[in-house]
Amino acid sequence: MGINEPLNRKLRMALVGGGQGSFIGRVHSIAACLDNRAVLTAGALSSNPERAKSSAPDYGIEDSRAYTSYQELIESELALPEDQRIDFVSIATPNHVHFEVAQAAVKAGFNVVCDKPMTYDLAQAEQLLETVQNSDVVFALSHNYTGYPLVRQARAMVLAGELGEINAIRSRYIQGWLRDSIESDDQKQAAWRTDPTKSGAAGAFGDIGTHAYNLGRFMTGLLPEQISCHLKTYVPGRRLDDYGTAVIRYENGALGTVTASQISHGRHCGLEIEIDGTKGSLTWHQENPNEMSFRRNGKAHQILVPPPEPEYQDRMGAGVCRLPAGHPEAFFEAFANIYIGAFDDMVKRAAGQPFDGRDSIYTNCYDGVEGMYFIQQCVASSGQDAAWVPLRHEAARR
Amino acid sequence: MGINEPLNRKLRMALVGGGQGSFIGRVHSIAACLDNRAVLTAGALSSNPERAKSSAPDYGIEDSRAYTSYQELIESELALPEDQRIDFVSIATPNHVHFEVAQAAVKAGFNVVCDKPMTYDLAQAEQLLETVQNSDVVFALSHNYTGYPLVRQARAMVLAGELGEINAIRSRYIQGWLRDSIESDDQKQAAWRTDPTKSGAAGAFGDIGTHAYNLGRFMTGLLPEQISCHLKTYVPGRRLDDYGTAVIRYENGALGTVTASQISHGRHCGLEIEIDGTKGSLTWHQENPNEMSFRRNGKAHQILVPPPEPEYQDRMGAGVCRLPAGHPEAFFEAFANIYIGAFDDMVKRAAGQPFDGRDSIYTNCYDGVEGMYFIQQCVASSGQDAAWVPLRHEAARR
Amino acid sequence: MGINEPLNRKLRMALVGGGQGSFIGRVHSIAACLDNRAVLTAGALSSNPERAKSSAPDYGIEDSRAYTSYQELIESELALPEDQRIDFVSIATPNHVHFEVAQAAVKAGFNVVCDKPMTYDLAQAEQLLETVQNSDVVFALSHNYTGYPLVRQARAMVLAGELGEINAIRSRYIQGWLRDSIESDDQKQAAWRTDPTKSGAAGAFGDIGTHAYNLGRFMTGLLPEQISCHLKTYVPGRRLDDYGTAVIRYENGALGTVTASQISHGRHCGLEIEIDGTKGSLTWHQENPNEMSFRRNGKAHQILVPPPEPEYQDRMGAGVCRLPAGHPEAFFEAFANIYIGAFDDMVKRAAGQPFDGRDSIYTNCYDGVEGMYFIQQCVASSGQDAAWVPLRHEAARR
Amino acid sequence: MGINEPLNRKLRMALVGGGQGSFIGRVHSIAACLDNRAVLTAGALSSNPERAKSSAPDYGIEDSRAYTSYQELIESELALPEDQRIDFVSIATPNHVHFEVAQAAVKAGFNVVCDKPMTYDLAQAEQLLETVQNSDVVFALSHNYTGYPLVRQARAMVLAGELGEINAIRSRYIQGWLRDSIESDDQKQAAWRTDPTKSGAAGAFGDIGTHAYNLGRFMTGLLPEQISCHLKTYVPGRRLDDYGTAVIRYENGALGTVTASQISHGRHCGLEIEIDGTKGSLTWHQENPNEMSFRRNGKAHQILVPPPEPEYQDRMGAGVCRLPAGHPEAFFEAFANIYIGAFDDMVKRAAGQPFDGRDSIYTNCYDGVEGMYFIQQCVASSGQDAAWVPLRHEAARR
């Protein structure tokens, strides 16, 4: 079977952002190309034209397609013959630039894979969703943790009813790298993440709290109703939250808790989730992603691994596992699983076949609106002494 | 050195509660006698006189000192010559009986080791505290998890400033045994715990949420200011909460979260705590009690074990470890550590020496008041849509 | 039900060894008394008469029954009326003294619980076995790790055929406390263990290698045929092995490996075992004793815990678990499980009932002979460049 | 900085083997291209010409460079202009074909990355080594586990003396997938691995025992002297070993143990290693590759993670970590680290710079000879009742 059949060619990728000093741009590039289904062809790697040019050789992008702005990229690529033109744009800029790049790319008819959070604020997110809805492009949002095989399996198990009715979701994302005011030393990653003009209304809660929230939504499909949130800034002089905790009431009566920290010494990417249902419970930890606990009263505790043993194989396609059990796959492979889901739809689109951009296996524009709404409401609640505020966004995915 | 020097004899124990079908009575008995410093001598093992008598041989209590009520026990023991009379009373009845037994024992001049929660409600707790304050007895409360060596070490490290200023405490106690309505089948442990006339105002939060809260208090010494709490009852027909989560504001600005569940499939005694300070962070899990993580940015992650390696030995006396490293000690030994702390003070009292019943290493009457206040305020907050309510009790330990 | 019914009294224990500075004497005392079925009544706590006397108050032994030699202990106790006389002798002396004490106690008709290794050499062990066989006493040997609930469950599962035919056993006991020549500093525990006149023919292999070997024998019941062993002494000047590895051929064709180390930095009691059968495999680690992995191809990996979930309850009586799941029991409780097995037989004997001292759940005199034979053959093989030597002892338990 | 500077272009890869049904061919392809330094350009994907052609589109190889034999590949590529010609050949065929392909490729002047074991037998390996020595090509052998960051760190720590003199190495590779005779069902992976005409003289010991042995050699650099080995075949009808254990004497007096199993139920890639030195000990497990235990008596147990904390950074370049701590990297990334080491040398060669193909960070032809010698001597020893045989190969890497 050819690559991206029936296209039988690799998809052509453009990267916006990702210039020298970037972390997430390189991740997008590796993840997108991991399965040999895409090739990085063009880029607008920095808002600084010089750096945009000088970073291109790092990625093997030819100088002729190393653009000095996303506008130039879109314009120039549109001018190319269709069989050379890029298929999709990956957006790896700081948060506040996502919106304009994404809008422009979608309007130009390019598929988009956007880093999260999707936009700077909710208004932008809603506007972008409308743009996407009015287009026929594929739009994926890199809530990359949803790409882990066991996260997919958890979702499949919940949807198949194996956990029964869901009562509780506890999720956390615990880091420590912002324990000190490293933004004062101009550490690039820290600087924009703690700057409200670039990062958005929230700090830790926007950066990683959204992942913890999204993970629970993805695994369970429960619909949120209200939230009460406390955001704290522990590092003196910092302008955004570096710690916070929220309680969520779901429509079905379930209770959720989300905690995010960037000030916990020695912690790295402590994204953990526990789900309690009437028939079973699951726990999963991102730093040891190839094990998931499944427990049921009266039965032995099970450790599930990917690819699943035969008794669980009907719960998850093996499609997102590249290796036999015991050969660990990790962060890049999970990230790549977001991409291959989107690629499947990009190929369908290119082949003139229908695809469902709303109920997709990869996180998408609807998740993006929901994420921005989550951030907005967390900040609003925190500003009112943790009062209950709504967390139900009709336009976002149901 | 003799036992309980300068007494040079074992302390004589009376057990109230603990008759057939009891779980915690046996635990008290084993824990108290583990180190050969006490001998179980008398008992009023059940409120049912027949069972009180018939349970005595299980414990090796002579029939003549197997009383049919706690009143009879106190009266009869007081009538014995001092060199035969019991030294202390351990209370292992259902919660609603704690108060009257404890009051009577203290008033009679007997030392007391009381199971937690200390009383049925706050008013009783405050009254009991006053009684204890007006006496010279030793009063210990079995928040047994504070007896684990690594919990003691955590406290010592925090007090020594090794974690810096504390910013966050996250603690949880996750169980699953009440996932189904086993109280309907008259399971004895479930029946009284889910009955508000016996258990008190709260279910899961009273039974185990208090442990999770107390553990954070014990390890850090932070003083609480306000709490917001959500209690849920997921099992149909149940009269008390079986799940809940609370957020605590401490006086120093730190944020605490406490979650308790009795409806999480396959979970047993998942008491976990994480503490974040400006200089370091700790995590500990009761089900694997002989490991504690200590992390500091820029330093390798350390796994601390008991007894501590030399570089940590000044932080904790070896007094609560009976075995060399690698020989695991567990639940009973931790429970016994509460007892040996109290024994030290009982011996001092008997020898006419002063002791500090307030700032003791074992949890005590002040913790008891605080625990009852915690329960009351959790229920109050939960009843007002999780509103903030005070959590500062002046009379309780500061 | 009374204690030790139909005796309805505690058993009276004498301790030989265990004076000041001893580790294992205290362990025997705590373990024996943990379940309130025995009381420490007499002792000959040291071969040094002065220390024998002065150590007695530590244990609460009355001066009148604090003897200055085991001979005096046996003689004096025999002279006491039967209702005061001790029931059993626990032997916690250095290895080279075990034999004479045990011989004398058995000949005097006292039950014995002997620390392992049973004797100084095989000849003594065989002689002791004969003595025991010619008596009617209960004789237990404290291969204490066989007392862990999950070790018992493993045995039950193997015997019930749930693992199928056993093909392989891999066991190890890894420590680090003898990494340096602490015997040169006269550390008491190190001094006798590295002294061939006190410890016996082997060092690490006698002290802990025997545990690793015995554990595999206990769990599987496989009968050994031949062994090839390499013993090493890494610490300069040491007179006995501090590291070694052996390969065992079992009669059924299975292959066993046993490794013991006392020179592995930072390791404490790393006793681990893995068992491979045609139908399933098990792994267990002493330092985390309340979890056992059970794996079968095509099925989810299971983590078994004590007390077992209902689906496993027919494989192990709950008799050796004192607490519900999640309340960890550990070293002392496992040790106590050896004692309560022996107590059951002591009670039977006292009541004139038959008991099977050979096929007992507690490790016994037959295991003791086997252990001494194992040590002897390991040393023999190692002395011949790891040649194969027999490991089949007809007199030992089959 | 450009890709593969000063070449400033991707390296062109040819894959031999890897046709439909192959596992390891896909792994080589993903690993080689992961860092965007190589592009898969040509292939001879199967010895079956039809399958060789039909598999090419899977990899995006153009039909014109999808050859039907490795001979055709080499001949045709040599005929291409240098700026189109492949730079290296990756060999992912069954073991018995490695030699002829590698010989031909090396003789034609192509760099080679060969899957392990390097050849079918030792004679071939020695001959290939000679060929490589007489050439100027880069030759890498995919002992891929040596590419894990923490394995590299272990090596660096040992070489820097942080563990002191090494006394013991214990390594194991435990799998379960050949528990049943799946070769009888013609499962492709099982069929050739259990066929002595394709796999070589050993089964499990050749396939995975070599990894366990090589890992110890790589981490410590200890030189072997003698080996005693027992190979077993537990599955009826199987023609090669599926279980085995070996003891190794190193020149410095250290003792090594290597165990390999393919019949342990539910085990996947249980490659574990423990190293004991006079100053410290290390343990690492491939299935949880981002943690390594470092222990020293008297110091807290440390859990090392990649990239290393500052206190360990001088021990390992960050060059093999693509992500910050907490973002797990795994099997593919480790495999890719073998490739990027080889790429560095390929670039040097292309630029006319010297490189050291013997003392390379990637495993190479010398490791290959050593591996084949290891297999030969294991089989020889096992055939002589586990007699000691030499394990010192002068031509292999010292």
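Order as written gives the chain letters A, B, C and D; numbering starts at 1 within each chain.
By our rule, a contact is a pair of C-beta atoms (placed from the backbone, for glycine too) under 8 Å apart; a residue touches a chain by one contact, two chains touch by 3 or more.
As the structure is a computational prediction, the values presented were derived from the model and not from experiment.
Distance between Cα centroids is largest for the pairing of chain A with C. Here A-D and A-C were compared by C-beta pairs in contact; the pair with more is A-D. Chain A and chain D have Cα centroids lying 34 Å from one another. With each centre defined as the average position of its C-alpha atoms, the distance from chain C to chain D rounds to 44 Å. In whole angstrom, the spacing between the mean C-alpha positions of chain A and chain C is 55. Among all residues of chain B, those that touch two or more other chains are 177, 267, 299, 301, 305.
Chain contact topology: the protein chains form a complete graph, every chain touching every other one. Chain B contributes residues 294, 298-305, 309-312 to its touches with chain D in the complex.
Interface residues of chain B facing chain A in the complex, by the touch rule stated above, are 167-168, 170, 172, 174, 176-177, 179-180, 228, 230, 232, 234, 243, 245, 247, 253, 255, 257, 259, 261, 263-267, 274, 276-281, 295-297, 299, 301, 385-386, 388. Chain C meets chain B in the complex at residues 1-3, 8-10, 23, 26-27, 29-30, 33-36, 40, 57-60, 175, 177, 267-270, 286-290, 305, 322-333.
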